[in-house]
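Presented sequentially are two complexes of chain A, the first with chain B as partner and the second with chain C.
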Partner chain A sequence: MRKLLALLFCCFVSPAFAQLTIEITQGVDNPTRIAVVPMGWGGSSPLPEDVSEIVSADLQRSGQFDPVPRTSMLSFPTKPEDVFYRDWRAMGAEYLLVSSAEQRGGRYFVRYDVFDVLAQRKVISAGKVDGSPEQLRDIAHHISDKVYEKITGIRGAFSTQVLYVEAFQHEQKADNFRLMLADADGARSRLLLESDQPLLSPTWSPDGREIAYVSFETTRPAIFMQNLATGQREQLTNFTGLNGAPAFSPDGDKLAMVLSKDGNPEIYTLDLRTRQFTRVTNHYAIDTEPSWTADGEGVVFTSNRGGKPQIYKVTLASGRVERLTFDGEYNARGRVSKDGKTLVMVHQRQGVFHIAAQDLTTGTLRILTETNLDESPTIAPNGAMLLYATRFGGKGILAAVSLDAGTKYRLPSKQGDVREPAWSPFFN
Partner chain B sequence: MITKAMKQGLSFAFVMAFLVGCSSTDTKTDEDAAGAGANGGVTTGTADGGALGSSNGMDDGMEELDKVIYFDFDQAVLLPAARSLLLAHSERLRNSDASARLEGHADERGSREYNMALGERRANAVRDFLVLQGVSRSNLEVISYGEERPLALGSGESSWSKNRRVEIDY
Partner chain C sequence: MNWRSLYTLPVIISVGLHLILVLAVTIGWESSTIDPKPRVFKPNVVQAKLVELKAKDTAEPAQKKTNVIDLTKKRELEQQKAAAAKKAKEEAARKARVQREKKAKAEAEAERKRKLEEQRQAEAEAKRRAEKAAREKAERERQERIAQERLDEAMRKEEQQHQAELAEAQSQSYVNMIAARIEQNWSRPPSARRGMQVELLIQLVPTGQVVNVTITKSSGNAAFDRSAEQAVRRIDRFTELKNMQPELFEQNFRQLRLVFNPKDLRL
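So, the complex of A and B:
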């Protein structure tokens, strides 16, 4: 499987930038066995993308599925009427995905059906999706989303994207920083911005149209906003001191950030319509790394006001601050899940930096990762997985772990140090 | 001119007050720093022989001064070795009226934006010390690069201790 995946990514991605290839390191104990049959296609030359293989890889990466290898398949039905349930029962497949594509007027039209092998019935009947030749991967991710949602009951996040920073740093050479955008599976990476000065803290607007990040291009840190469709950029801040950690509010109207213009790192919000800055915290300690609560009424942030970095929450209406983390001596860069139940963070235990998740109801903290130097957790919009940055083989890489810690995979880069992932929202 | 002279006189008074008041509080914070390192499973003793050795040059005004000040993990408190080095720098900065850029840095551990704030704290600690020594605040520019510009690449205390620093550039 891994070989197939590697081959797939090598073959079909543009060679301009390093790709992030997937290495699955851990899945759930009893994954659902699904057979994704190669897509039927009557064209004279093969499809530019192996759509079924992309679907299969998506489902496997989620940790919830164990796709049947093609080499084990007894038949390759492409239409519902060609399906013989006993072929699939024989290899223990619980579900079966059959699909076919045709090309009309430069577009690909795909039909797909999903069967419950044991119940011998269709669970998705005549699903349809179409797109341009450049959208074959999108077609695959769309099918993955539908299958995943039908079988798990959780909305699929395979059609989402991820922002990250790739850095090239050598002791003898000038630094090179790249802000990158890729599909959630690491494919189709593209360059958004390149600089010889640091780039960091990329983040998405809730509608997925704008991004914000910190750039040192003016020789000092400044927060920029950039439209993904037009590439148009705007510098939002130019204060003395820190200008960092931008975070869009859930309604997209405000940007929380850290500024030290008054001598001390404090949390501020910027109203993106009126351009008014409002100071949120007021403490002589470090206050930074704001992140909005799901309801938009509060901001969680890192502060060392108790002597060590811990995560606090401020309620914007009242200004009331409460401490959220008590387990350990270093908890930082918190992110609250969309359902408001879980806080993920960088957590230090015995000198090792892990990603941890805290149940906000019970206060119980659980370490999710076994790697070291972990940072920058970012939760998928469906809340199933999170991406984070770590080091592997002496390089910065991205890795993923499910919020129940059952599934783990790595996205190593062949080139620079990859860091600071930001998982996009749903685009529709 | 008169006001400047008065200001310098005042800042000298502050320096004296600071130095007198320092000894007890600083000992305490340095202990805290050491304790933090031990609890975090981090090797302490990063007071750095390099900085100590270079501080010997303070008597000779023309000797090259070490331009890097080192810190303990998650700390922005000046270590004793840094103080003597900074005294030598402050003498030169006072006499030359040159402006200096103070670049704060952190090691790679922990989160990036917290490290950005920590780097600024460290550069501010150096700036405040120099100002107390009579260096004009307007001649000192502070910038933090957090963990984005490590001096030593690689993971491990030997790299980390070199990266927790403020670089004085003038």
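So, the complex of A and C:
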């Protein structure tokens, strides 16, 4: 009897002792709360740039972070040993960035530590970065990149740059067009080229050293390539008709473009070493806006061969053309993300132009932007954000949206109309 | 086959009665109604013969005759005979007496023995009966006890099952609460993708306080793993558990395996 009971007891109890498993299948995905403590600095005069503030702004702009305001901080530790996790936990911080700088021989040396407040341990220990006084912003973006990558699992793109065109159209004097280069946050913009003729379609070489663009300076559109470091320019095309929309191949050896030299706009490639042009498309309809696929084996382009503008893909080796977009009556300016999974485009819905993203494996399309004159999408090299041109307050500006449409922000307003952004690749 | 003998007589009687009735109808009533002329039956002539028994009467006188012939001798003889008879009789009586006495004694002895035996048997019988009764009683009690035990056991089982079900239901509701709390606190990094899965082992104390979190199976994405760990650490204390019965806590909730498997991500 006792045996039986014991057995029964076992039967009853043993499943209970088995590990209880709880499955978590949903989350809320709130921005990560991070406290970026003002950088420790022992110098007699304040730092020329508020590095911590730049980091904080970078992280906030990504949409993935919710920085703790300085005014809420209970203490300003600058060394790991001064950190009391309890204080930071109390204000809801999940991560804590503590840094300090010192100047030696005209250079700034920065040390930074990132703490997981909840687990009470370091996730970045004694990160180091240094630079000249002019590079303090770069130091800040570098730290932002490292923090972003550690916490989100995605490489940060704060140290990248953006090309864009500023247009000043005057009634009395001649129009003015400027090709500009700026940090990804819009700061430190500098002039690359100025012209009273239109400048269009700036684009980056994959290594970030060269750019290509269309200039009307010769009174008809021509494609130029320019070295950023030396400023040296080279005219690549001088055909009659349309010469436009240059796009570097992922290996940097070729440039895809639109030429109408043979009658109507077709896609061509130019081998940058042999200077050989190859015709890629051959259709009586307009084929334009080429952009390389991630593997470099094909080119996506916009064509009205189906009656309305839609995005197609041509495989270079076979010449086979395949239609990619079917949703809506107007899809143009396709750009494939670096991982090859997403196609972003200008999508027209009910007469309104949006930026949309299409999942290339499932074919599902989602609208990313809500404004109505959005154009020229360009994807960040980490694939997390994209920049596009839109209109705000009566003029053209640049805006950014995360690829999951969760975050949107506008870049600082410039003079004139801002258009045709091109997000740089990673520089290293 | 018994029915045949059983029914023979009634059947014969019944048939006879019917025959008589039929005869009465066909003959008696018919004659009386149709043929009123009286019928005369001739009486059967019985021839009897008287038989006389004479043998006894003839044998008796002959015997008497022989007795009368020699009386004296006969008397002597009779006297001798009588003496002898008397002696014999006495002897016989004595013998008989002895015999009787012996017999009586034996009978008494036998009776005694018989009675003894009877008594013994009665006692044995009584004892047997008592034993049997006791045995039966014991058996009955045993049966009852078994039945009772079975009932008890069934009830206990039912109770256990009920308890288990109750515990299961309670566990489930606590599990749901815990899962909901974690889901409200789980903020995935943008690198999180559908199909990623991280397993955590968490240890709790009865207040609901999380005392330990370990990643037992990584997703391969450190940021994703950390987001799961942080969800639990952010909660820090599952206050819902503090009202839990201690047994239930010990059985199921001291250690929990958490599987983070996002199904709501777009990418």
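We take it that the second predicted complex is superposed on the first by the 394 of 428 C-alpha atoms of A that agree within 3 Å, B and C clash if a C-alpha of one lies under 4 Å from a C-alpha of the other, contacts with A are read in each partner's own complex, and residues count from 1 in each chain.
Here is the rule we use: a contact is a pair of C-beta atoms (placed from the backbone, for glycine too) under 8 Å apart; a residue touches a chain by one contact, two chains touch by 3 or more.
These numbers were taken from a predicted model, which means no experiment stands behind them.
Of the two partner chains, chain B is the only one touched by A:201; chain C is not. In the superposition on chain A, A:153 makes contact with chain C only, not with chain B.
When the two complexes are overlaid on their common chain A, residue A:166 makes contact with neither chain B nor chain C. Of the two partner chains, chain B is the only one that A:375 touches; chain C does not reach it.
Contact with chain C, but none with chain B, is seen for A:119 once the two complexes are overlaid on the shared chain. Touching of chain A by both chain B and chain C, each in its own complex, is seen for no residue at all.
Interface residues of chain A, counted against chain B in their complex, comprise 169-171, 175, 198, 200-201, 216, 219-221, 241-242, 244-245, 258, 260, 265, 286, 288-289, 302, 304, 307-309, 329-330, 332-333, 346, 348, 350-353, 373, 375-376, 391, 394, 419-420. Interface of chain C with chain A (complex): residues 149, 157, 160, 164, 167, 171, 175, 178-179, 182-192, 213, 221-224, 226-231, 233-234, 251-253, 255-264, 266-267. By the touch criterion given at the top, residues 32, 36, 39-42, 74, 108-114, 116-118, 120-121, 142-146, 148-150, 152-155 of chain B touch chain A in their complex. Within the complex formed with chain C, the residues of chain A that make contact are 1, 8, 12-13, 16-17, 19-32, 64, 94, 116, 118-119, 123, 150-154, 366, 384, 402, 404.
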